[in-house]
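Chains: A, B and C, in written order; residue numbering restarts at 1 for each.
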Amino acid sequence: MSSRNNLPLLAFLTAGLLGLGVVLAFVVAPEDADQGISQKIFYFHVPIALTAYACFGLGAWKALRLLWVGGERRDLESYTWIHQGTIFGALTLITGSIWARASWGVWWSWGSNQLVLFLVLVLFYCAYFMLRFSVDEGARRERICAVYALFGVALIPVSFFAIRLASDFIHPTVFTRSGPQMTHTMFTAFLVCWAALTLLAYVMYRVELVGKRTDAHLRELREALT
Amino acid sequence: MSGIALYATDVIALARKDLRLELRARDTLPAMLLFVLSTLAVFHFALPAGTDRDAAYGLLWIAIIFTALLGLARAWAPEREGGALDGLVLAPCDRSAIWLGKSLATLAFLGAAELVAVPAFALFFAPVDLVAVAGVALASIGICAVGSLLAAMAAASRGREVILPLLFLPLAIPLVVGGVGAGISPNGATYLSFLGLYDLVFAILAWATFEYVVTE
Amino acid sequence: MTTAPGHAIVGESVEKRYGRKRALRGVSFTLPRQGFLLVTGPNGSGKTTLLRLLVGLAVPTKGNLSVEGERSALGYVGHEPLLYRELTAFENLDLFGRLYRVPERRERSGMLLERFGLWEVRADRVSTFSRGMTQRLALCRALLHDPALVVLDEPFTALDEDGSALLDRELAAMSGERTVVLSTHDPGRVASLATHRLVLA
């Protein structure tokens, strides 16, 4: 399959971009005046968050296609995208927590809207896996998971608004990511990291999907032989 | 009879069936009422002296959410017992009507529990204004719309009772924000609009996707 | 449900898999209208799965299955009675009659209850019924809307003597009038009525 042939190439490209991103972020880009070295996490934290959103969105899109058009293939694709999304979501929480610790000395802040949003989302998508593993395999499970994935993607904007509103009475602390002005090098470093992480998510998705498809093929072969 | 009128009679017939079943069995609603009152009593002892009104109000919402979960866990029990859900799915009616009928009945039960809980809260803890009550009403719609669908998903799973709270709580967070905000914030109307938005988005989503949860 | 030209049911290499488990191996058959299909086979051969596929409670993973008619033209009796245990017999039929848009559903429910010997207990809850009585009510529910296709999954197993005699009579009345698919352990009972046979391995 031609699509499998480009996977090693993509993996190399990812590694290269990541390396470049790290260099740009830590060596080339200037240090932030206020936050110092801890600001460097921004180059990874924000792209990771954006990638997580993209994965959840793609998972929901595949789910929608599953309900419209059908096909076990789309179920695996949706599941794998959501899996990547959850991994990146967890990474968002971790990098965000590190940043919070480095910036203000606390591991967690309810005032950080992004962080709280991701907590809700990671909880939601962890429940996705619990749901998936507790329903017997078959067309019913595919559909139920697909519907849940759609609820997840609807939850993202709704939660975002909720948390914005909640900051009204939960925590009036202000969380500034970085100044509105980014220098040219900072912006380039950001873009490179973003591209690298997006590509990483895609490569991980492809690898996992290949594994799952092989499982499915093996199963079919076993069935055909018995 | 026109399509919409037929749909409406289906929904009403299904909701009435649930109300009739509950009136007969009398197991879910009394449990919900007792649970919500007991929870409020526990909160009194769990709160330190001199807790401000706003904090106490948040606890009302915890009580409501968990009472709702209690009701939702049993929402599809009559359909499971005799396999009647298959019977409903086979019928020519719209599958979303099954969801809507169930949501309306669940809303009636939750509303009954709230009719007890909110005055009890006002009595035990702090007064409640009209905006807060509107918040309770709007959030309850969202709870039942989403909860009925999730309960149907949970019914298909092996770990029935356990999985429903896991599925429901993340989706309930925005509702709690809206409800609490409506009660304690000076611009409560914003929170009411937000709750309306939640209800609209998720009710439409649930209405459109219920079919796929109960069919293959 | 897609319509099949001329035939009530057309199945081509119909297969059903639940993940790793294969519930029904590839099976092909046709059934003309008003035909009587007898489905036999040992436990686990997929009789129940096939019947669920016929009424639409499941969808084949491979192959094609066309069943003529919409949901309103299908009657199904499964392993479960598909009833509300805490509603009365009459209330059950009233609800399903409403959902199936049965004209004069009160009269029709009464007539069916009588025909299946349940008139006396029409106001009793299904939870008080014996297994045989519940099965008879399930038959009432399946026939309430006068379906053109009736699918019965081992209907005799839950019935007592009287109930079985009632069902024999009903099936005899149905054959030639409606399309019938019946699965059973005891083929001898309805062998004379069957126009087609399908043996699952």
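Definition applied: contacts are C-beta pairs under 8 Å (C-beta built on N, C-alpha and C of every residue); 3 or more make two chains touch, one makes a residue touch a chain.
Fair warning: this is a prediction, and the values are worked out from it, not measured in the lab.
The touch graph of these protein chains is complete, with an edge between every pair of chains.
When the interfaces B-C and A-B are ranked by C-beta pairs in contact, the top one is A-B. We define each chain's centre as the mean of its Cα atoms; on that basis chain A and chain C are separated by 48 Å. Chain centres here are Cα means. That of chain B falls 36 Å from that of chain C. Averaged Cα coordinates give chain A a centre that lies 31 Å from the centre of chain B. Across the assembly, chain C contributes 58-59 as residues in contact with two or more other chains.
Residue positions 136, 138-139, 141 of chain A are each in touch with at least two other chains.
For chain B, the set of residues touching two or more other chains reads 215-216. Across the complex, chain B meets chain C through its residues 6, 9-10, 13-14, 17, 20-21, 24-25, 78-79, 81-84, 86-93, 215-216. The part of chain B that touches chain A in the complex is made up of residues 54, 146, 149, 153, 156-159, 163, 166-167, 169-171, 173-174, 177-178, 180-181, 184-185, 190-191, 194, 197-198, 201-202, 205, 209, 212-213, 215-216.
Residue ranges on chain C touching chain B, taken from their complex, read 55-59, 70-72, 74, 76, 78-87, 91, 95-96, 98-101, 125-126, 141. Contacts from chain C toward chain A in the complex involve residues 17-22, 58-59, 61. Against chain C, the residues of chain A that register as touching in their complex are 136-139, 141, 219, 223.
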